[in-house]
Amino acid sequence: MIYKVIAKSEFKRFTDALLRDNTSFGPRQVDTDSRGTAVYQFLPVSSSDDVAFDYTATASSAKHFFLPFREELSRFTFNDQEWDQQITYEANPIVLIGLRACDISALNILDDVLLNGHFPSPYYLAKRKNTFVIGIDHLPLPDCFCKSMSHHTISTGFNVFCSDIGEDYYLSINSSKAFNFLKEFETRDPHDDDNCRLVERRKIISNSFLSEVDVTALPSILDIEFDSPVWEKWGNKCLNCGTCAMVCPTCYCYSVEESFDTDLKGASRQKKLYSCNLVDFAEVAGGHNFRPKNGDRLKYRYYHQHRGFAENANQQICVGCNRCGRACLAGINPKDVINDLRMEKESCLTNISSSPDRI
Amino acid sequence: MISMKYQGFTFEKLKIASFDFTCCEGCQLQLANRESSLLDFLELLDIRNFRELSTEKNNDYDIALIEGSLSREDEVERLQAIRRQAKTLIAFGTCACFGGVNSLKNKFPLQESVAEVYPGMQIDTMPVRKISDVVKVDLSIPGCPVNKEEVERIMVHLATGSLITLPNYPVCFECKAQLNTCMFELGEICLGPITRGGCNAVCTSGKTPCLGCRGPSEEINMPAFIELVTERKLSPDDLQEKMAFYNAFEEFCDHEA
Amino acid sequence: MKRDLTLDIRHLTRVEGHANISITVKDGKLLDARWAVVETPRFFEVMVKGMSAERVPFLTSRICGICSISHALASIRALERAMTIEPPDVAKQIRLLAMHGETLQSHALHLFFLVAPDFTGHGSVLPLITSHPDLIKAGLRLKELGNQISTVSAGRCTHPVSLVVGGVSKAPEKQQLLQLRTMIRESKPALDTACSFFRTLTIPEFKRETEFISLCNGSRYPSIGGDIISTDGVRRNENEYLLMTNEYSRDFSTSKFTRLSRESSVAGALARFNNNYDLLHPRAKEAAAAFALQPVCHNPFMNNIAQLIECVHILEDAEELINSLVDMELQEIKTPYAPKAGSATGAVEAPRGILYHHLETSDEGKVVRADCIIPTTQNNANIEYDLGAIAEQALQEGKNDREIEKLCEMAVRSYDPCISCSVH
Amino acid sequence: MPDKHFVIPRQDINREDFTSSIPDFNRRAEIMKTDMGYKCIVTNIVQLTKQEKLFKLRIIDPQERGIFRFKPGQFLMLELPGYGDVPISISSSNSNHEFIELCIRKAGHVTSALFTLGEGAHVAIRGPFGSAFPMDEMAGNNVLLIAGGLGFAPLRAPLFWINEHRERFLNVHVLYGVKEPSQQLFTYQFDEWEKISHITLHTIAEHAEEGWIGKTGMITDLFNDITIDPEHTYAIVCGPPVMFKIVCSYLDKLGIPMNRMFVSLERRMHCGMGKCCRCMVGSTFTCVDGPVFDYWSVINLKEAI
C-alpha cells in the first residue's frame, strides 16, 4: 500500500479524467423521501459533477455490478440433432466511485465466498478484476452498525481509498493501475500532521456510531435459538418480498432458469439473484417445501448473514450497513432481531429453573 | 406443420385462436409488440382465428386466448362454445383473470348506469364476471396489459412442452432490481408487496404505485401489509380504492370491509 | 344497369372491436346502409364516479388499448383545467412526445397490419411477411419506434404509467432521449420505404363532400388541447365540445353518432391534414405532394395517406422535441396541487381524431361526473353515408358483389375505427 | 489534461486463471468443467417402473471420459439444453469408466423432458459433486443398505462397490421397502446380487398388488428378519425424510454409533457448487458437504430431517 495526499480540487481532476474515459458509476441523488431525506443510488456518472460526494449511503448496494440481478451463464445453439454450448466470462472495465468501507468489505466477503471456495466463480472474477474501485470514507448514519461487525475500516479490496482530512484526501493506493494514473496528478507524501489528521478522522468516524449490535457468540446463539419464538414473531411481519436480499451487499443466493429462444434455435441458461425469504426458495419437485413458514425463511437469512455457512468457514457475512433494515417495509432489521434473540437467550439463562433439556 | 426438430423432440406450431370479450383489446395488441422478435414469435403460431388481425377464420384450434371479461349473456354462450373446442383455454390479461377495471361498474346499480349513459335505450348488459366464473381456465396470464415478454416465454414453453409458471414473488422483488425508490418512502400506498411479480415493476419504475393488476402473489401476508399501511398513517380509503381497481383482490377486500 | 345488392358483414375483421355492415340496394337504388357497432358497453362514465382525480387517468386509459395515452392525457387535461393546475413546460413537452409515439405506433399498425393486406389482396398481414419482407420490416421498425417513443416518455406504450395530473411522475433520462433520437434518425429510411410502397398503390377514386373537424392550436400541428375548428368554418372553444358533437343514439348501435353543420362529419388524420396543412413539417408537405394530396381532400380512402404524411411529420417533430428536451432541466416535472371543485373539457388529437373527456370534480378532488366522446363516434355517421354512396357508385361502375363488399370493408378500415373505444 | 487518457485496460478471464494455482490435475479438470459440462450421448434407456427410467450415458470425448471419476454417493448435474439441469445421484459403479448410469424419476419439468428423450440424444453432465460414502472406512464390517422407494438410486453405487470388493466386508444386507411392488427398482439384478455377491436382500411393500408373494408392511418390519451386531455394523439409509427419522432412531436404539450411519439428503439445487445456497440445511450445503452425511451431523443440522 502506498499513501499519498491529494488536494480535493486535484482529486476532482483525477476523477474527471477517469470518469470521462471509462464507463463509470457513482452515487447520485435520485429522490427525496417523504421525510425530506435524500435517496441515493449507484448510477452512471461521467464527470465528478455527477457524483454526490457528500452522499450518506445508497439505498441499494453495489453488489449488482458483480452479481447482476440477471445474468446469462451460458448459451446453447441447436443444430440438426444436437447442440453446442458457449460460455464467456467477458466483462467490460468499469469504474466504481464512492464506495464506503463497509461496501468494500462486502466485496471482500464475496471474494471469499465466490473465489476462495471449493469452486471459484469465473463470472464473478471477470467482473471483479475489471472493476476499478475508488472508496471514500464517511460518517455513519444513525442506524449503521458496521462498527459492531468490524467493517467500518478497510485495508484491502479497493484500488484507491480516500479519507477526508479537510482540504485534502488522504489516499491509500492499493493497485499499480491507480498509482500510475495518479502519477499524472499532483500528490504528495503524507506529512506528520496529515497522519494526525487521518488518525483524528478515523477516531471521529469510530466515535460517531450510534447503533450497536452485540455479536459476541452470535453464531452459537443462533444455533441454540433455532426454535426460538422470536422467529415466529418477526416472521409474522415479513412480507416475503425479498427486498432485504436485493439491497444487501453480500446476499448472493440465486436461481437458475433455462429457456428456449423464441426461434427455438437455441437456449439460454440464466442466473437470477434470489432471496431466501421468497416462498419457494426451498421447495422441491412434488411441492414439498422445506421452509414453509415466513419465520423459517427469515431465520435462514439471519442464519446465513450472522452465523455463516460452512463453505465460508462459518464467518459472518453481514457487514452492518443496515440497508436491509432501512428497506424493509415491515420494519424488520438486524439490530432489533438480534437484540430480541439475545433477550430470549438471556431470559432463559437467568431463569435457570426452566426446562433443563431445552438446549 | 413441423417447425423444429431437436434431439428427437418435434415441436409443432401452436394452433391458436384469440378472442376478445368486454375489454380495451390492449392485451391482444401486445401480441404485435416486441417487434424485434415478432417474426420469430409468429413463426411459433399457427393462427386459426384472430379477428383483429386476419380475415381468415378456422375453428380448428387447440389454444384459445381469451381477452376481456364477460358483461353480456351472448358473451357467455360464445365463451362456452370456445371452451368446448379449446384444449387449452388461457385467461389473457387482467380483465379475463380477475374482471379488471370493468368490474368497477358492479358497484353501481345496473339500470341506473344504463339510464345515465344511454338514456331511453334498451341495452343488454349484466354485472361483470371473470372468465373462470363461467368456464374452466387452464392457464392465466395476468397483466393490464399483459407483459409481452412473459407471453412470449409462455408460448415458447407451450410449444416445447416446458413447465409454465408465473413468478410467485411480489412486485417489490423486481422493483428493487430496478433500483426504484419505494413508493412508501415517497408517502404513497403501493400494492407491490402483495402483488405477483413478472411485470418488471413497470409502474413503480415510472414512479406510480402498483395497483395490483397481476393479482395476489403467493402466500401474501395481508395482515402485515394492512399494518404497514396503518403504521405509516396512510389513507385506508386510498388503500381500498387501489385494491378495488382491478378487482384482483376481491377476496381480501371483502375480508377487510 | 339496375341491380340488387344485399351486403351483411357480421363482425368486420382487421378492425379493433366488433361492428357490422349491412347495405340493401334494390333496382340500383339504395334502400338502406347501416354501420352498426355491437361492442359491449363498459360504462366508464359511471365507473369513474367517486374515484380520486389522480387515479382517473389510469382508469380512462383502459378505455382503449391502442390510444390509451390519448385517453390518459384527455382526462389529465380535463382535470388540470377543472382544478386550475398548470403543468410544467418540461412535462408538456414529454406529453407531446408520448402522443407522437402513440400516433406513430397506431398509424403503423393500421397501415401495415390492417390496410396493406387489402391492397395486396391478402386476408391478413401474415402472407406479406414472405411476399413483402422489406415493407413489413419497415412497418415493424416504425411501430417499434412509436412504441419506444411512448415507452421512454410515458413509461409504457400501452396504458402509460408516468402521465399524471400535474405533470409527469418521472422524466426520461437524458441518455434515453439521446438513444431515442438516434433511433428516430435511423428509422427515416424505413419511412421512405413505406412511402414508396404506398405510392405504387391505386387508391380507390371516390369523393363525397363532408365536414372535417379537428383541433387547432396556433403554432403547432394539433395534438393536445386548442380550439375546435371545421372545414365549414366553425370554430369553438374546447369546453363547448357538446356543440361541436351533438351526440345522438341509434337503437341498433352501442356506439353513438354525432353531427355538426351537415348530416355527418369526420375527425382523424385527414381532418387534421385538411385543417392544419400549413403547420406540417416541410418534409411532410413534400411527402404529401408526392401523393398529390392537398387540402381539402374529400376522398375517405386518402385518410391512409394522410396517416402516412403524419408519420413523416412525427419523426421530424419528435426529433425537434427531443432536441429541446435534452437542453432542459428535467427536475421540475410535476406541479403540486390541492384538490378542488370544477369542471372542464380536455380535448386531444388521438390517432383517429378528436377525443373529448369532460370531467367534473368535487371539493375533495373526486370525480363526480364524466362524459367521453370518442373519435370513432364522430365518424360513425360519415362511415354510414359513405358506405351507401360507395355502394351506389360501385354498382354504377359495374362492380360485382364480392368487389363491392371488399370496397366497403376497405372504406371502413380507412377510417381506422376504434370500436371498443367508441363503446366505452 | 485533456489529451491524456486514463482508460482501464480490459482483463480477460479464462478458466486457467483459476486453476493455475491448483496442482492436483483431477481438481483442475473438475473445476474447468463446472460450467461447461461433459457432453454425453445417451446410449441406452431402460424403463424400470412406470415412473423411473435408467439412463446410460457415455461421455463423448475420450479424453474427458478419462478424466471423469467419481465416488459412490456423489451426484452430478444433468443438463438437457433448453429445459434445464437437475441433480441426480450416480447409480452405476465407479469402476466403470465407460458408462454412467442414472436412475431418474419423472417428477417435473426437466425430468419429464428427459423422459421423452430417445437413445442417441445428447445431454451434458457437470460434476461430480458432493460427498461420498466412506467405503474404505466401512471395510471389515457388516453393512446394512436400507432404501425406500427411489432411495435405491443412490444406494446402487455403493452396492456395486461392495460387490466388487466383496471380500472386504462381512455380512451385507439390503433392506428395500416400496409402496407398491411394481415400484421396485432393479429387480432384474436381485438374483445376481444374491447368488453371486452373497448379499441378502429383504424386500417389503406397503400395499400388496396382484401376484405379490413377498412381505407387506413398513420397512422397519424387515428388521425382525436380521440380527444386527451394533459393534461391527455400518448402515446407509436412503429414502424419504420420514424414513430417515424412523430407521435411524431405530438403529440408534440398537446401539449403532451415529457416525456409522449414513444418509443421503435431498434438497433443491441450482448450482451443485455451494453458490446458489438453495440446498442449505442448517449451515451446511447439501451439495458440497453432502449429500452424504453421517447421522451425527444430521441430527446436529437443524431442519435436516
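Labels A, B, C and D are assigned to the chains in the order they are written; within every chain, residues are numbered from 1.
Just so it is clear, a residue touches a chain if its C-beta (ideal position, glycine included) is under 8 Å from a C-beta of that chain, and two chains touch if they have at least 3 such contacts.
These figures come from a predicted structure and were not determined experimentally.
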{"item": "Pair joined by more contacting C-beta pairs (A-D or B-D)", "value": "A-D"}
{"item": "Inter-chain centre distance, chain A versus chain D - centres from mean C-alpha coordinates, in Å", "value": "36"}
{"item": "Distance from chain D to chain C - Cα centre to Cα centre, in angstrom", "value": "65"}
{"item": "Separation of mean Cα positions, chain D and chain B [Å, integer]", "value": "43"}
{"item": "Chain centre separation in whole Å, for chain C relative to chain B (CA means)", "value": "26"}
{"item": "Sequence positions of chain D contacting 2 or more other chains", "value": "82-83, 108, 120, 122"}
{"item": "Residue list for chain A, restricted to those that touch at least two other chains", "value": "78, 81-83, 259-260"}
{"item": "Where chain B touches two or more other chains at once, by residue number", "value": "6-8, 160, 162"}
{"item": "Touch relationships between chains, expressed as pairs", "value": "A-B, A-D, B-C, B-D"}
{"item": "In the complex, chain B residues that touch chain A", "value": "3-8, 11, 37, 40-41, 43-44, 152-153, 156-157, 159-160, 162, 168-170, 172-173, 175-177, 179, 181-182, 184-187, 192-194, 217-221, 223-225, 227-228, 231"}
{"item": "Touching residues on chain D, where the partner in the complex is chain B", "value": "82-83, 108-109, 112-113, 116-118, 120-122"}
{"item": "Residue numbers on chain A that touch chain D, as the complex places them", "value": "13, 17-18, 21-22, 73-74, 76, 78, 81-83, 85, 87, 89-95, 113-114, 117-122, 125-126, 129-130, 132, 177, 181, 184, 223, 226, 252-260, 267, 269, 274, 276, 281-286, 290-291, 296, 300, 303-304, 307-311, 314"}
{"item": "Chain B-facing residues of chain A, complex", "value": "30-31, 33-34, 39, 41, 43, 59-60, 64, 69-70, 78, 80-83, 236-243, 246-247, 259-265, 273, 275, 278-280, 294, 327, 329-331"}
{"item": "Residue ranges of chain C in contact with chain B within the complex", "value": "11, 13-17, 40-43, 45-47, 49, 51-52, 55, 58-59, 62-66, 68, 109, 113, 117, 123-126, 129, 136, 140-141, 143-144, 147, 154-162, 164, 169-170, 249, 251, 254, 420-421"}
